[in-house]
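Pasting the structures in now, so scroll down.
One chain, chain A, appears in both complexes that follow, with chain B as partner in the first and chain C in the second.
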Partner chain A sequence: MENNSSYWQANLRIIATCLVIWFVVSYGFGLLLVEPLNTIRLGGYKLGFWFAQQGSIVTFVALVFWYSYKMNKLDKEHGIEE
Partner chain B sequence: MDELKLYTYIAVFGSFGLYFAIAWWARAGSTKEFYIAGGGITPLQNGMAIAADWMSAASFISMAGLIAFLGYGGSVFLMGWTGGYVLLAMLLAPYMRKHGKFTVPEFIFDRYYSKTARVVAVACLIIASLTYIIGQMKGVGVAFSRFLEVDYGLGLGIGMGVVWVYAVLGGMKGITYTQIAQYVVLIFAYTIPAIFISMQLTGNPIPQLGLGSTLADGSGVYLLDKLDLVVTELGFKEYTTGQLGNNANMIAYTLSLMIGTAGLPHVIMRFFTVPSVKAARSSAGYALVFIALLYTVAPAVGAMARLNLMNTIEPTAGENLVYEERPQWFKDWEKTGLLKFEDKNGDGKIQYTADKATNEMVKVDRDIMVLANPAIANLPNWVIALVAAGGLAAALSTAAGLLLAISSSISHDLMKGILTPDLSEKNELLSSRIVMTIAILISGYLGLNPPGFAAGTVALAFGLAASSIFPALMMGIFSRKMSGTAAIWGMCSGIGITMLYVFMHKGIMFIPGTSFLGGMDPNWFFGISPNAFGAVGAAVNFTVAFAVCRITGPAPIEIQQMVDNFRTPMGGVNAAHDH
Partner chain C sequence: MNKHTKTAILIAPILAVLSFAATDMYQEHQASAKRIFVMQVQDQCDIQAKKCVLKSDQFLLSFSHADGKTIINSTYPLDTATLFIVEADNQASVHPLGMTLTPYYWRANTDLAQRLAIPGNSQKLRIIANIKGGSYIGEFTSTTQ
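For the complex of A and B:
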């Protein structure tokens, strides 16, 4: 039970980290901060626009794989992998 | 028969032949194979199947068109429909896979130990899935009538027949392998024209980079800057900054689509097909890669289609296209009624502006952008034929997934679970095939006679998934103490307030004239449109459920132990048992 609860706490921490990044790239950079970011250019893209239509999606992909990698490692550390 | 028609027949019927061959090879023999493909799908395969399942006629045909006309405002669809997978991968999929059941309502029944909860979940699932299928069936009918020039009804009938063969025969197993083939067809059909157009406009073959490049006409101007200039000159909102409503609306809209995506049962149930928790986690990642391939190309398709359209109508500044000299694709789409021109000032030329009084392009249906795009850009006929096959693949793969969600919830949850628990496996399999056949007939009928509210139903499907299913599942996993009573109260109040808001603004059951607040923007709660209200419904669901749980007490201890069990990968994934 002890082991389980520390496992669950670690899982929640990883999820929280991911969701903070998830929020920042989409709601933060893509929506709330879009105007100041649009003053910066990324080639032909305004940066805020780029986050809203490209950058956020690419970050989502990376997040899901990172979560999967971290969780597999966590399962091993706690000796509860399948 | 002209060349284009010949190529289209080859592409469409060639792809159908492929789906049939796969269906025959992957017939289902047991309920386990029928519902969850025997639980032996690899993460890579599942990722591809999820992508095809998820990307519907709306993603393939409508989304780039929406972006073309909304510009930056269209970002809510891009972020909303991909960001939901982050939630699904971390908050739902691994735990639901560990628990190891066949359907979403079954998980809700186990977790909330309540038949009422199961019935509420089945009802949400059926309404959400059926409304979703109508759109797919319409997509099939439109693709057939435009590209093969057969009657809309006949096209719909052919589509229904194709789905019937592989979905009823193969169940989840047949659907999974066909979806993999359909993904390949649809991603080629989507990206090849985009690569051609990106090359033409910018000289860069990668559309995601082309969108940020300079134009190939030697002017050195960036494509997006040019587009901003062209549209603002005609009085439209600037492409790269024009919002969809206000800021609050864009945030609520994005959030509603994200949690709605994560709560759609036909997507969730695909995670039951993999052998382990680890595989469930990674298949979410693969799914998102395959989805992102299309979703990062879509903004390029949208922007380039808009620029091409503008350039066709006004080839050089001040020199508008003479109507009599309009290109062939223009005439073709005029025949369908989706494109309409009205010479208001009688000069015989086409003026396209944001001002209603002088605009002569009185109708430009957003849905034609992707389908007309290759023709607008003068691409070879085989590319146009491929787009037809791709649109059909997108519609058929999603329809099949939805049909399976409906048939499994009726035969497994309602019949086997509640009404006739002693149903044998053989009879359950037979009944799910019969239910699926009936569901195909109903959705075909609805596609042929689309109810007046068809346009408003997407809001309803996402609203229901976001305000009822997602919060119920998430609380079931992350709150050990959440009780059945509290969850039912939460689900019902979440749905209640969302439906109330949608009906208030769009009419009761979408019947015109019954909306007591009108579709009027000033009456919107903080400027949030009815389509974006699912996020508010979900917040209500969470609040009510936690309040009721405090008052009526926590879930029984054995339920809390069950939660502990599905939070931990070890202990053997219940190999989606036969019961």
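For the complex of A and C:
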């Protein structure tokens, strides 16, 4: 029972981290902080614009793999891997 | 592909769509907020000579006067436009402009021809041009060359 609870708590922490990154990248970098980020150039593009158009999607894809990696690791730690 | 990868791949597009929908709503809300832009005269203003252009970024307002009517021509379609003729005591007479055929041309009957008839005459004017989401305002003086 305690094992289940610690697994669930760790799972929630990973999800919360993913959601925070998702929010920061999509709303934070792509919208709320777009003007200050636009003063920085990345490969000729304004950074705020790049995050809104492409960077957030790239981060979302990276998050998919990071989440999967962390959850697999967690499964192994709790001896419930597939 | 294990269950966690499948879950993440299913959830990620939903979050992506949610973020884009919310961003769109936020941007729409920002765009609907009333904003005021101050216009500046380009070079010198002489309405009698049809050389009077006010500018704010890409938005231009051109002033002219013919047959007792003051005409303005804008680079973007206007919702409303009002011209103020300012007297020496800083009191202004209000002249709401009416649309002429298209929302790019507006006019009103004024006595600017008499006020600016002689070279050297000058007249202080104000304009308020409303476009969805913003008001363009300007104060300028037309001087007959």
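The rule is short, and it goes like this: the second predicted complex is superposed on the first by the 82 of 82 C-alpha atoms of A that agree within 3 Å, B and C clash if a C-alpha of one lies under 4 Å from a C-alpha of the other, contacts with A are read in each partner's own complex, and residues count from 1 in each chain.
Keep this in mind: a contact is a pair of C-beta atoms (placed from the backbone, for glycine too) under 8 Å apart; a residue touches a chain by one contact, two chains touch by 3 or more.
Worth saying up front: this structure is predicted, and the values here are computed from it rather than measured.
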- Query: Putting chain B and chain C onto chain A via the overlay, clash or fit?
  - Reply: clash
- Does the superposition put A:Gly30 against chain B (first), chain C (second), both, or neither? both
- Message: For the overlaid complexes, name the partner, chain B or chain C, with more touching residues on chain A.
- Response: B
- Examine A:Met71 and indicate which partner it touches, taking first as chain B and second as chain C; both and neither are also allowed. both
- Query: Which partner does A:Trp22 reach: the first (chain B), the second (chain C), both, or neither?
  - Reply: both
- Name the contact category of A:Trp50: first (chain B only), second (chain C only), both, or neither. first
- Applying the touch criterion given at the start, work out whether A:Tyr7 contacts chain B, chain C, both or neither, answering first, second, both or neither. first
- Message: Applying the document's definition of touch, where does A:Asn38 land relative to chain B and chain C: first, second, both, or neither?
- Response: first
- Have a look at where A:Leu63 lands relative to chain B and chain C in the superposition and call it first, second, both or neither. both
- Note on the structure: Of the stretches 26-34, 80-88, 152-160 or 206-214 listed for chain B, the one clashing with chain C is residues 80-88
- Item | Intersection of the chain A residues that touch chain B with those that touch chain C | 22, 26-27, 30-31, 52, 56-57, 60-61, 63-65, 67-68, 71-72, 75, 82
- Note on the structure: The answer for chain A against chain C in the complex is residues 22, 26-27, 30-31, 52, 56-57, 60-61, 63-65, 67-68, 71-72, 75, 82
- Footprint of chain A on chain C - complex, ascending: 2-5, 8-9, 12, 15-16, 19, 22-23, 26-27
- Note on the structure: Listed in rising order, the residues of chain B that touch chain A in the complex are 67, 72, 74-75, 78-79, 82-83, 85-86, 89-91, 94, 208, 211-214, 222-225, 240-241, 247, 250-251, 254-255, 276-278, 281-282, 284-285, 288-289, 292, 295-296, 299, 564, 567-573
- Query: If you look only at chain A, which of its residues touch chain B in the complex?
  - Reply: 4, 7-8, 11, 15, 18-19, 22, 26-27, 30-32, 34-35, 38, 42-46, 49-50, 52-54, 56-58, 60-61, 63-65, 67-68, 71-72, 75, 79-82
